[in-house]
Amino acid sequence: MTNLLEVENLSKRFGSVQANHEISLTVKPGEIVALLGENGAGKSTLVKAVIGLVKPDSGVIRVKGEELPYGDTAEAIARGIGMVHQHFQLVPVMSVTENLVLGDEPTKFGFIQMQKAKRETAELSKRYGLAIDPDAIIEDLPVGMAQRVEILKALRRDVSLLILDEPTAVLTPQETDELLEVLRNLAKKGVGILFITHKLREVMALADRVVVLRNGKLAGSTTPKESSESQLAQLMVGREVVLHVEKGPGNPTGAALEVRELEVLDDRKLEAVKGLSLQVNAGEILGIAGVEGNGQRELVEAICGMRNRRKGTVRIAGKEVPNLKPHEVHAAGVSHIPEDRERHGLVASYSIADNLVLNRFDQEPFAKGWIRNLDAVASNGEELVERYDIRTPSASAPASSLSGGNKQKTVVARELSQDLPVVVASQPTRGVDVGSIEFIHKQLISARDRGAAVLLVSAELDEILSLSDRVAVLYGGKIVATFDSKFANRDEIGRLMAGSQGAHS
Amino acid sequence: MAILQRVKLQTLSIPLLSLLIAFIFGSLLIAMQGSNPLFAYQVLFTKAFGSIEGIATTLAKATPLILSGLAVAICLRAGLFNIGAQGQLISGALASAWAGYSFVGLPFLIHIPLALLFGAFFGSFVALVAGLLKAYRGVHEVITTIMLNSIVIALADYLASTPFKEPDQPITRTPKIEESARIPDLFGLPFGFFIAIAISVVFWWLMRRTTTGFRIETIGRNRNAGWYAGISVKRVIISSMLLGGATAGIAGAVETLSITGRFEPAFNAGLGFDGITVALLARANPLGVIPAAILIGGMRGAASTMQFRAGVAPEIVDLLLALILFFVTAPILLRLLKRKEEGISLSSGWSN
Amino acid sequence: SSGTEETAAITEADCGTEGAFCIGLVTDTGKVDDKSFNQSAWEGAVAGAENVGGFAKYIETLDPKDYATNIGQFADAGYNVIIGVGFLMAEAMTTAAKQYPDIKFIGVDQFQGEALPNLTGLVFPEDKAGFLAGVLAGHLTTSGKTGAVLGTEVVPPVRYFGEGFRNGVAYAAQLLGKDLPATKLIYHAPDNAFNDPAWGGATAKQLLSQGYDVIFGAGGNTGNGALLEIAKTPGAYCVGVDADQWGTLPEAQPCLVTSAMKLIDKGVAALVEAASAGTIEGGNFFGDVGLAPYHDFDSKIDSAIKDKIAELTPQVLDGTVPTGVKL
Amino acid sequence: MRFRLSYFVIVSSILLFAYFYSQNSIVTSSVVFTAIPFALPLALAAMVGVMCERTGIVNIGIEGTMLVSAFTAFFLGAILKNISAGLFIGIMTGVLVGLLLSVMTITWKMDQIIAGVIINIMAAGITSFLYRQNYRIPSTFLPIDIPVIGDIPVIGPIVSNHGPITYFGIIFIFGLWVALYKTPWGLRSRSVGEHPSSADTAGVSVVRLRYINVTIAGAVGGLAGSYLALEAVGIFERGFTAGKGFTALAIMIFGRWNPLGAFAAALFFGLSQAVTNQLMIDEVVQIPQQFVTMLPYVLTILILAISAGKVRPPAAEGIPYEKEKV
C-alpha cells in the first residue's frame, strides 16, 4: 500500500535552534503513528511543516505520492490534511459554527448560508459523537468543549490524514477515552493519523507505531508491543526516567489551609462553587480530582485572591483571610502555580530573573524601599536557574525564549523557592514533557516534606493518584468524596467524577 | 565588553545612517525646488549647531519637545497611548502663566517653582480625567485624550479671552508674567533645557531602578501578570497618566516661563503632537527623547534661516522628519547591515 | 518658490549697502500664498518694491515664537523696511522697532497704542466694510434672513467684520422700514478656525436650508468654504471678505455680489513707497476699506440700492454714520 | 445587550426627532440635513479605521491618507479639467497609501502607530511643499435631487439633495456592514483581526487578506479626501482636513468597530455640530461660544463614561502576524 504521507530529510532551523534535522517519517492509510519527544524536540515544527504553517529549509513532503509545496496551508488542506493544533486555533469571540466553516464557507450569491452551516455542524457533531452547541461562543466554552470544536474542525473537511498535536492535554480521562475511540474508528475507515502526546499511556493504548524525536533528530522508531513505557521515556530523554512517583509516607500535622462553606461565581455569574469545604494539613498533598468545569478554577482563584468569594471563609495557618488580592494572599503564606502560565505566570519579554521575583519585586532583598536591588534580582535568578534546572543560556534571557516546560519550571521555581506554608498548584504539568514532569513532581513532594500543605488540582487523574496523600473528588461545585490515596480506586473515582453516587470512605 | 560595543554601535549607526539617507532624499526635493541642497543643508546645520546662539536656539526649541516626548513615552511604557499631551501642555502653560502674573512680589526662588508646580498640577489634572475614565470605566484613552484636547483648547481660549485676558488690548492672551517668574538662562543656554534633561534622567532612573518603574513596565507588557503579581492596574494607569500629564504640563510651563512670558494660544501649537514623534523616534526610551528632541528642535529652529538664505520652503523639515522616522523604524537598513532584527513594539492596538 | 522678488536695479546681495532698498516680509503662521492677508501683504510689498525700484523677500513663520528671530534675520541682513503680518506679531514688532531704530517697520493689522517713530501700524476699520456689506445684504434679502459664517470670534478683525455686517443689516431694516430679524453670526471654534472649509460649507448649507439668502463668509478658508457652498445654490447671495474675491475665488462668482474689502496690498504698497520717500510716520495708518465692485451682479441690483450704498459709503467711512461696533 | 442598546438608540432618536419636528419642522429638518455633510467625511474616515482594525492593523494615518488624496484629487482634477478623473486619482492615491501602510506594517512588521505617524507627517509635508495656487476644478460634484424620495414629506428634504459621493459613501457603509457580517470575506477578515493563526490554520492567507483590506481601506480614505476636495468644498488648502482623521478614530471606537455603529457615532457628531450651529443661529444660549463648541466633545466623554462597559477591540490588533509562531 502506498504511503499517505512521506516526509524525507526535512530540516528547519529557527535562528540558532535546529528544530528539525533531516527527519523522515511515513504514515500509511489507516495507520496511527504516535510522535513522541521532550518539550522542544521539534514535534510541532515537523507537523507544522506538513500542514504548511512552517516553511522547511530543505526536505520533501509527499501526500499520496505527490509532492506538497512549502508553506501553503490552503493547499495542504485541499489535499486532505487536517490538523488539531497544540494551541487552540479558534476565534474566541465567534460561534462554534463560524469557527467550523472559516476558510470554507457554504455560500449562496456570495453570502454565507449560516443556517445551512449550522445544520452541517449539528450533523457533524452527531456523526462523530462529539456533542456541541452550534451557536455557542467559543470563549464561553470549557476547554474540553473547545477541543471538540478543534477536532470537528479538522474532521469537517473530509480528511485522509489527521494530525493531532497534544489533543488530550486539556481533556478529562473520559473525554480522552472518547477521543481515542473516535480516532480508532477513523483509522478503521482508512484515515491516517499522526498523533503527538506526552502521555505514554495513550501511546500504548492507541498507536500502531511510535516515532521518537530528540533534539530535532529522529531518535528511534518502535511499536508499543515491542517496548515499555519506560523504554519510550528513555528514548525521548536519553536517560532513565522515573515515571513512577517515589514518595515517602506523609507526615500531616495540623490544618494549614481550611476552606468553609465556600461559594464562588464564575465569569458568567453562575454559581460554580457551591458551599464547598475542605482542609489541607501541613505536610500533606490533597489532590482535587474532577472533570474540568466543575469549579476547580473558581475554587483555586477564590483561594488565591483572583476572584471574589461570595460566601464562606478561608483560613491560612489558622488565620482567617478576607477577600484579598493575589499578592496579599501570597503575603499571607500561599504559593500559587497558576493554571495559565502565559497569562498570569510570566511576563514574556522580561528576563527570567525578573520573572523569578515577579511577586516579590518590591520586597527585601529585591528592593530597599523604593529602589530595586538589581544585583539581588540577578543573583537570585542565577541561583534558581541552577537549582531548578531551568534550561537557558542565562538568567538574563527573556522568558519568551524558554520552552514550555522550562517556562513552567520558572514559575515553579519562583513559587516553591519561598517555602510558604501553603502551596496551591493548578495543572502544574500541563503540556510539560516527562523529564520536566518528573522534576516538578519531585519539587511538590519536597515542599510537602518540608511541611507545606499542598493543594493539587489537575486534570490528570494519574498525577493526582500518584502524588496525593488524600484525594477529593469535585463534582458540580462540591466535594462529593474524599479518599485516602492508598485506598483510592481509579474506576470509582472516575465514576464519582462523572456524577454518579458512590460510597464514601 | 565586545557585546556592549556592538550594541552601542548598532544603536548609533542606524539612526545616523537613517539621517543620512533621509537627507539624500530630501536633497532631491530641494533640488526639485530649484535650490542647492548642499548649501541648504549647510545653512541648516550651521544655524542649528554652528554657533553658541544657534545651539541655544536649538536647545530652547528642544526643551518642550523633550518634555512632551517624555509625557508620551512614559504612558507608552504603561501601554497607554497618550495623544493628549497637547491638551495637557496647554493646560500647564495657562496655569503657569496665571501663577506667573497673579502672584506679585514673590522671590524668584519661590515664584518659579510655584509656577512650574501649577503647570504640572493642571497638566496632570487633564490627564487624570482620561486616567480615571480608563481605570474605572474602561473608556479608551485615545478617545478621551482626543476629546480632551479639543475641550482644553476651547476652555483655554475662553479663559485667555475673558477672565484671564490682558486688559485694554484685543488679543486673546494673558498679561505678561512677573519678572520673578521668568526662568533665566544658564551659561547662555536656556535653563529649562537643564530641567528637561534632569526630568529625563529621573524618568530613566525611575524606569530602571525603582519599583514604581517596574510596576509601570510590567503593566505595559502583561497587564494580567502584573495584576496577578499584586500590581494595581488602576493605580498604574492613573499614576502613569498623572506622570505623563504633569510632564506635559511642565513642558507648557517651562515654555511659558522661559520663552513666551505669557499664555497665548498659538504659542503652544503643535508642541504636544511633536511629542508623539519624539517619543516614537526614541522608542519610548526616556534618555532617547533627548537626542530625538534636539534633532527636531534643531531642524525646526533653523528652518526659517534655511528659507531666508537658501530659499527652501520650511516644510522640508517635516518631510525630513518623516523620512528619518521611517528609516529608523523600517527594517530596510537593518537588513542592509545584516543585523539581527530587533522588533520594536510600542503599541499593541487599543486593547492593551 | 524662492521667496524673492527682484527688480532690475537691485539684487539680494546689495541689501545692506548704500543705495539699495530692501523690503523684508515676515508672515504669520500662514503661508505667503494663503489667498488671505499674508498674500495680500506680500502682493503689496512686491508692488511697492516695483514702484520704488527695490527688492522684496519673505520668510514664512512656522512657529509664532519665531517672529522675533525672523524679523531679526532681515534686520541683520540690512533690510530697510520690515513688514510683519498679523496682530499676533505686534509685540515682536514693537521690540524689534526699539532695537533697530534705523529700520522702518510696518505692522499689518497691528494697532499701535503708543507711537514709535519707526513703526507704523496698518489698520483697517473692518466694521465699516462689514457695515456697508450688511446694508447691501439688508436690501437684497428677500427672505429677510441673513447670516455670517466666520472664523473665530477671538480674532478681532473677524468680529469687527461680523458685527459690522449685522449692524449694517439692522441699519438697512431701519431705512426700509422693514422688520428684519437680526443677522446670525456663526463662529468656528478657535482651533483650526481659518482652515476648515468643510465646516464652512456645511454651515452655509444649514443656513441655506433654513431660508437664509444673503450670507457673509469671513474667515480665511473657512469662510471660503461657505462661499463655495452658496455658489451652488441658485438665488442665494454671498459676500466675500478682505480682497475682491471675484478675482481671488472665482469659483464663488455665481453668488458673489460683493466683498467687504480691506485693501491690505494697497496699504502696504503705499507705506513702502512712503518709507522709500522718507515720508512714513510712526503710529497708525488707516488703510482703505469698502465694497468691491458688483461685477456681473451690477445689472441685477436695483439702481436705487446701488445709489443708496454709494451715498452711504463716504458717510460710513468718515464716521458720520456710526457702525455701532464696540472695538 | 448590544442589540437592545442599538434599538434603544434608534427608538429614542426617532422620538426626539418627532418631538423637535413637531416644534419646528423646518429647523429640525435642516439640522438633520446638515448633520450629513458634517458626518460624512468622519464616517468614511472611520470606515478606513474599521476595515483596517477589523483585520488587525491599527491605522492612525487616516488623516494623512485623506490629505494626500484630497491633494491629488484636486490638482489632477484641475489639471485634467475633469473631476471624475480627479476622483479616480484621489482613490488611487488612497490605494497607494494603503499599500505603503501594508508594506510597513504587514511585510516589515513595523510598529503600526509609528507607521501611521509617518504617513501623517509625510502627507502634511508633501502636500504643503508641493501646493500651488491658481488651480481650479471645473465644478464640484453637485447635489442630486432624488426624484421620488425627495418628495416624501419629512424624510425627503433630509435625504435628498446631497452629492453623489455622499450617496455612494452611505451605500458603501451599509454594504461594508453586510460584507463584514454576512460574507466569507467578512468572516475571514474578522477572524484575522481576532485570532490570525486560526484563520491561517484554516487556510486563509493572513498576509494577503490584510494587504487587500488595508489597501481597500486606503481607497476609502482616498474617497473621503476626494469628497472634501471635490464635493464638499471644491478647493484644496494645506491641512484642510482639520483633524477629521483623528476624530474618526474616536468615532470608530465609539461605534465599536462596527460600520453601522461608527456611522451612527459620526451622525451623532455631525448632529452635535449642526445643533451647536443652531444654538448660535437661534441665539438661545448666552454662554460663551467656546463652551458651545466644546459640547460634542464633552457629550461624547459623558456618554462613553456612562454607557461605557468595556469596548472590546479586535484582539489581534497592532500585533504583526508571525506565521511560524502559531
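For reference, chains read A, B, C and D in written order, and residue numbers begin at 1 within each chain.
Just so it is clear, a contact is a pair of C-beta atoms (placed from the backbone, for glycine too) under 8 Å apart; a residue touches a chain by one contact, two chains touch by 3 or more.
Remember, it's a predicted structure, so these values are computed and weren't measured experimentally.
Between the chains B-D lie more C-beta contact pairs than between any other two chains. Centre-to-centre, using mean CA coordinates, subunit C is 35 Å away from subunit D.
Distance between subunit A and subunit C, defined via averaged C-alpha coordinates, is recorded as 75 Å.
Centre-to-centre spacing of subunit B and subunit D amounts to 29 Å, using the average Cα coordinate of each chain.
For the pair subunit A and subunit B, the distance between C-alpha centroids works out to 47 Å. Residue positions of subunit A with contacts to 2 or more other chains are absent. Looking at subunit B, residues 33, 150, 154, 157, 161, 313, 317 sit in touch with two or more other chains. Within subunit D, residues 128, 290, 293, 312, 315 each touch two or more of the remaining chains. By the definition of touch given earlier, these chain pairs are in contact: A-B, A-D, B-C, B-D, C-D. Of all residues in subunit D, those touching subunit C in their complex are 26-27, 29-31, 33-34, 37-38, 41, 128, 131-133, 136, 140, 142-143, 157, 228, 232-235, 237-240, 242-244, 273-274, 277-278, 280-281, 283, 289-290, 293. Contact residues of subunit A toward subunit D in the complex are 14, 48, 51, 53-55, 71, 73-74, 76-78, 83, 85, 87-94, 98-99, 101-105, 107, 110-112, 153. Those residues of subunit C lying in contact with subunit D across their complex are 31, 33, 35, 147, 153, 182, 184-192, 195-203, 205-207, 209-211, 221, 224-225, 228-229, 232, 250-251.
Only residues 182-184, 187-188, 190-191, 194-195, 197-205, 312, 315, 323-324, 326 of subunit D touch subunit A when the two sit together in their complex.
By the touch criterion stated above, subunit D contacts subunit B in their complex at residues 53, 56, 58, 104, 108-115, 117-118, 121-122, 124-126, 128-129, 246-247, 249-250, 253-254, 288, 290-291, 293-294, 297-298, 300-301, 304-305, 308-320.
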